[in-house]
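Below you'll find the structure, written out as C-alpha cells, and then a few comments.
We call the chains A, B, C, D, E and F, going by the order they appear; numbering starts again at 1 in every chain.
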Amino acid sequence: MKRVDLIVSERELDAVLKAIDAAGAPGYTVMKHVTGKGPHGAVSEAMDFSGLGANAHVLVFCEPAVVDKLQAGVAPLLRYYGGVGYVSEAQQL
Amino acid sequence: MDTSLVLQNLLTPPALFFFLGVIAVLVGSDLEIPAPLPKLFSLYLLLAIGFKGGLELQHSGISGPVLPTISAAILMSLAVPIYSFVVLRVKLDSFNAAAIAATYGSISAVTFITAESFLDTQKLHHDGFMVAALALMESPAIIVGLLLVKLAAGQKRPDEGPMRWGAVLHEAFLNGSVYLLVGSLVIGFLTAANSPHSAEKMLPFTDKLFYGALSFFLLDMGIVAAQRLRDLRRAGTFLIAFSLLMPLFNALLGVAIARGLGLIPGDALLFVVLCASASYIAVPAAMRMTVPEANPSYYISTALGLTFPFNIIVGIPLYLALVNRFIPVAG
Amino acid sequence: MDTSLVLQNLLTPPALFFFLGVIAVLVGSDLEIPAPLPKLFSLYLLLAIGFKGGLELQHSGISGPVLPTISAAILMSLAVPIYSFVVLRVKLDSFNAAAIAATYGSISAVTFITAESFLDTQKLHHDGFMVAALALMESPAIIVGLLLVKLAAGQKRPDEGPMRWGAVLHEAFLNGSVYLLVGSLVIGFLTAANSPHSAEKMLPFTDKLFYGALSFFLLDMGIVAAQRLRDLRRAGTFLIAFSLLMPLFNALLGVAIARGLGLIPGDALLFVVLCASASYIAVPAAMRMTVPEANPSYYISTALGLTFPFNIIVGIPLYLALVNRFIPVAG
Amino acid sequence: MKRVDLIVSERELDAVLKAIDAAGAPGYTVMKHVTGKGPHGAVSEAMDFSGLGANAHVLVFCEPAVVDKLQAGVAPLLRYYGGVGYVSEAQQL
Amino acid sequence: MDTSLVLQNLLTPPALFFFLGVIAVLVGSDLEIPAPLPKLFSLYLLLAIGFKGGLELQHSGISGPVLPTISAAILMSLAVPIYSFVVLRVKLDSFNAAAIAATYGSISAVTFITAESFLDTQKLHHDGFMVAALALMESPAIIVGLLLVKLAAGQKRPDEGPMRWGAVLHEAFLNGSVYLLVGSLVIGFLTAANSPHSAEKMLPFTDKLFYGALSFFLLDMGIVAAQRLRDLRRAGTFLIAFSLLMPLFNALLGVAIARGLGLIPGDALLFVVLCASASYIAVPAAMRMTVPEANPSYYISTALGLTFPFNIIVGIPLYLALVNRFIPVAG
Amino acid sequence: MKRVDLIVSERELDAVLKAIDAAGAPGYTVMKHVTGKGPHGAVSEAMDFSGLGANAHVLVFCEPAVVDKLQAGVAPLLRYYGGVGYVSEAQQL
C-alpha cells in the first residue's frame, strides 16, 4: 500500500477531495487549520475571522494504482495553485 | 474642528482597543485571539447590525430617500472598481489590478459599524436603510472584479472551463457574510412588524452588548492590521499611495452624491464611509477563490493594513467634518 | 387559531434564524459557525436554563404538582422507548431500533427552551420545576435503550465483557449535558435561597442574553438540521413517517397526562414538548459510544433533521392549540 | 524504527491510547478535530455542538516489537469500530 | 463569624460553579469546555477588569494611598519569591525552587476578581487603583524568578548565550495577559476622562455580563484545577504543605502591611488576596519558556490545584475575617 | 526526497522553524493543538486558557542534504527540550 500526503490551501480542498474520490481512493483523512510555508510564502491563521482559511493536510492510504490516478487528477491542481504532494510506502497494521 | 473630531474619535474604546492591538504587534507582545474566536465576533457583529438595521427599516418604512440612496450605493460599487482598475494597471498586471479594484468597490462592515458608533457619541441620527446599502455593495464589486479579469486576461485554469458564471454569482450573493447580513436584516424587518415584544427581547444581545463586542473585535483587527502592515512594505509606494488617496477621492465623490441625494448628516457620513472603505472579508475570500493568480498580500494588505486603520482613526471624523461643511442640516 | 399560532411562532427571531440556517444549506451559502463555537452556545444554554430553573424552583417550592409531574415525566421517558422499539422493529434490526427508540424517549433541551420563549411571547406563565423534569428524562431513556440492545441482541464486542453496567449508568447520569443542566439547577436553587443578591447579578448573563443567544444557536442548528435532512432521504419513507408521527402520538399522550396532572397551560405545553421531542445530543452521544453497530445517520437524522424542525416550527404552536383546547384554564 | 499512523473515531480514542500504552510504546501524538471519509461514510465536524466529536489521528514512533503488540491490541478495535492503521519505516533524526 | 463568611462565599455562583467543575472531574463526567473557549473568557475577564479599574482610577484620581499601595505591592512581589526560594531549596533543586517561588510572588487575576465579587455581595467598597497593583505584580516576580535561576544554577542551554535579558524583560512586561490588563486599564482611564458617554456604552459588556462570565469561567477552572490536583499527589507532602501555608503566611504579612498603609477594608482584602495568591497564567508561561528544566507539573499544580481553590473557597472569606479583626473601619 | 516529522512543544516551535529555514528546507507545514505523551509525561490542552499551548507537529519534505542540516540544527533542541524527530522516504506525487 501507499501513503499520500497532500498539503493544499483550504480554498482548493473541495476540488482535491473530488479528485481523490474520482481516483477511487478507499478513504481519506483531512486536517484543517494547518499553517506552513512554501514557495508562495507563509500561510497563517491570522485571517481566520474572515473565513479565508489556512491550509489543509490530506492523508490517503491506497493501492499504487490509485496513486497513478491521483497523480493525474491532483498534481495539476498542485502545480497551478501551489501546495505539495508526496508518496511513501506503508503497510496495513 | 477636524482635529477635535479626530481626537474625540481617537479616545473612544473602539479606536483605543484597535490601537492596543496594533501596539501589541509593534512591541512584540504575544497577545493573540486564537481562531475561531475572531469568527465569533465577526458573525455576531454581522447578525446584530443586520437585525438592528431591519428593525429600523421597518420603523422608517421604504420611502423618501431609501431607493435612490440604495441605487446610488450600488452604482458606486460598480464604478469604483472600474476607475480603480484603470489607475492600478499603470503599475500592476490585470489579475492583481482587478482583485484590488474589486476590494475598493466593496465595503468594510466594521468601518461602517465604527462610524455608526461614532455618530452615536456625536448624538447624530442615522437611518436603518443604510444597512441595506451596506449589504448590497459587496456583490456588484465582486462581479465587476471578475469581469475585469475575464476581459483583461485570458489564461486557462486546470480545473475549470471558460468562466463559471454560476459559481461567480453564487460567491457574490451567497458568501457567508453577505448572506448573514441580508438574512438578519430581513429577520429584523419581519420581527419588528409581527412580534415587537420578541424584537425587544433580542436587544440585550444585539444592542446592549454591541459596543463592547465591537471594541473587543477591534483589538483583534488591530493585531491583524499591524501584521499586514509589515507585508505592505514590500508592496511599494505606489500601492501605499493608492490605499490612502483612493479612499479620500471616493469620500469626496461620496459627499457630492450624498448632497445630491439630500441625505441627513448621519446618513451622509455612512454613505461616504461605504464609498471610502474597502472590503477585507467577502471580496478577498472571493478573489482568493476565483483569481488565484493575484497575490493576496496585495489586496488584503492595502485594504486591511492601511485603508482600514486610516478610516477608523482619521477617516471617519474627517469625513464628518466634510459632511458638516458641505451638507446643509435639515430644518 | 392553530394557523395563527403557527404564524406567530414562525415570525419570531428563534424560528427565523433557524430558517436562515436551513436556507443557507439549501442555497449552498458557505456560512458556517466553526467548531467549537456551537459548543459555547450549547453549554451556555444548558447553564442558563438550569440556573433559571433552579431560581424558580426555589421560589415556587417543591410541592403541589412538582413530584407527580416529575414522576410522570420519568415514566414517559421509560415508556416511549419501549413502544417505539416495537414499532421500529417492523423494519429495522435491534441495534438501530433500540438506538432510535432511546432517542425519542429522551428530550431536546433546545426545543424546550424555544417553547419557553414562545410561552413568554404568549404571556403564559410556566414553573421552574419543569426544568427538573427536562433534566431527569435523559438518563432513563438511555438505560432503556441499552437494555433493549442487551435483550434483543447478543453479539460480543471486542473490548468489553458481558455488559459494563458501570459505564452505562455513568454515561446515562454523568454525560456532560445532563451533568451541567442538573448542576446548574442545583446551583440556582442554592443561590436563590442563600444569596439573592448574587442571583440577581447572574441575570444579565443567564437571562437578558438568553433570547439572542438562543437565536444565534438556532442559526447553527438550522444549518446542521438541513445537512442531516439530506441523509434522511436515504433512510426511506418508514423512518420519515416515524419521525413525524411518533412525536404527534407522544404529544397527544402528553396532553392527556398533563390534563390528568392538573397542570396549568404553560406547564402543560412544556410537558407535551418533553414527550414529543427527541434527543440529538446526550442520547446519540451515548449510543455512538455504546451501540456502535447502529448507524448514527439514522438516529441523528430522524431526531435532528425532521423531528426537531417539525417541533420548532409547527409542533410548539400546534401543541399549544391542543393544550388550549383540552386543558381548562385554572381559575 | 517504525512509524504507525492510526485514524480512529474520537469515540474510541481512549481505548486506542490505552492499547498503545499497553503495547509499551515510548510515546504517541494525537491530533483531534480530524475529518475524513472511509468505508463507513464521511465524518464531519458538523455535530460538534453536541460533543460527538470527529476523528483523531494518532502517530506512534516505536520499535518493530511494539508494532506487533499494537497489531494485537489495536487492529481488532479498527476492524470492529472502523478506522485505519498503517505502518511505515522511519529513522530517528 | 469566619465560618459564616466562608459559607456565604461558598453559596455564591462563582464558588458553586467552581465546585461543579471539580466534581465533574472527581465523578468522571465528560463535561469539558474545549479550547479555545476558555481563552475567550480569560481574555474577556482581563479586558473587563482592566477597563473597569481604569474608569474607577479616573474617578478616584491618583492620590492618597494610591502610590504607597502600589509600591508596597511591587515590593511584596519582589520579596515573596526570595523567601519562598529559600524555603523551597530545602527539598528542591534551584530550577524548580525558582520557578515555584516566582509563581507565588505573582498574582492570580481570577482570585482577585472573585474577591471583588465577594466584596460586592458584602457591600464593601474598594478602589480602582487596586487593579493597577494587580497589573504591576506579575512582571517583578518573573524577573526575580529568572535572577534566582541565574544565580543558583549555571547550566548552558543549547540555543542561547549567557542570559537573554531582552527576552526576559520582554516576557515579563509584554506577555499577553499583563499587556491586555494594563492596556485595558489605560483605555478605561482615558475613556472615562474624555468620553464618559462611550464609557457608559461599554458597561453592558464589561460590567453587567461580568459576574455570569466569571462563573462560567470558574466552571472550567474547577475542571482544570481538579485535573491538576491529581498530579499533585506525586509532588509529595512538602509541596502540598507549602502551597497551603505560604499563602497564609503571605496573607498575614499582607494584613500587617495593609494596616500600615491605612487602607479601607475593601482595598485591604484585595491587597491581602494579591499577596496570598499565586500565578498560574503569566508566570508559568514565562517559566515554561525560560526555565524548561523545571517541571511544569510542580509549579502549575501547586498554584492551580491547591492554592487557587484554597483561596477561592476558604481563603477569601478567611482573609476578610482577618481584615475585619485587624483593620479599623474608617470613620 | 525525505519526509521529516517533528513533534515539539509549541514553546520551542519558533526556534525549530528558524532552524528549518536555516537548514534550507523548501517549505514546511505546522499543525498546532497537538497533544500526546512522551518521556516527559502527557501534554494536554487543559491549560489552553492560559496560552501555555500544547505540542505542534511539523512536517518537512526535503532533499537528503537538508536532513543532515536539520540533524545538526534541530536534534540538539529535541535532546534538550524533549520532543521527537523521524525521517522517512518519500517521493514527489
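Here, a residue touches a chain if its C-beta (ideal position, glycine included) is under 8 Å from a C-beta of that chain, and two chains touch if they have at least 3 such contacts.
Note that the coordinates shown come from a computational prediction; the quantities given were computed from them, not determined experimentally.
Participant: Which chain's mean C-alpha position is the greatest distance from chain D's?
Facilitator: Taking each chain's C-alpha mean as its centre, the farthest from chain D is B.
Participant: What is the chain whose Cα centroid lies farthest from the Cα centroid of chain A?
Facilitator: When every chain centre is compared against chain A, the largest gap points to E.
Participant: Suppose each chain is reduced to the average of its Cα coordinates; what separation in Å results between chain C and chain F?
Facilitator: Centre separation, chain C to chain F: 45 Å.
Participant: Can you give the whole-Å distance between the Cα centres of chain E and chain F?
Facilitator: Roughly 34 Å separates the two chain centres.
Participant: On a C-alpha centroid basis, what's the spacing between chain A and chain C, in Å?
Facilitator: 40
Participant: Pull out every residue in chain D that's touching 2 or more other chains.
Facilitator: In chain D, the residues touching two or more other chains are 31, 33, 51, 88-89.
Participant: Can you list every residue of chain C that touches 2 or more other chains, as numbers and ranges?
Facilitator: 30, 32, 34-36, 39-40, 176, 204, 208-209
Participant: Using the touch definition up top, name the residues of chain A that touch chain D in the complex.
Facilitator: 1, 3, 17, 21, 26-33, 59, 61, 88-93
Participant: Using the touch definition up top, name the residues of chain D that touch chain A in the complex.
Facilitator: 4-7, 31, 33-39, 55, 57, 67, 70-71, 74-75, 78, 84-89
Participant: Quick one: which bits of chain B touch chain C in the complex? Just the residue numbers, please.
Facilitator: 35-36, 39-40, 43-44, 47, 51, 170, 174-176, 179-180, 183-184, 187, 190-191, 193-195, 197-199, 201-202, 204-206, 208-209
Participant: Name, in rising order, each residue of chain C that touches chain B in their complex.
Facilitator: Residues 7-8, 11-13, 16-17, 20, 23-24, 27-37, 40, 117, 120-121, 204, 208-209, 211-213, 215-216, 219 of chain C touch chain B in their complex.
Participant: Can you check the complex and tell me which residues of chain B touch chain A?
Facilitator: Those residues of chain B that touch chain A are 34-36, 38-39, 41-42, 157-159, 176-177, 217, 220-221, 223-224, 227, 280-281, 284-285, 288-289, 292, 296-297, 300.
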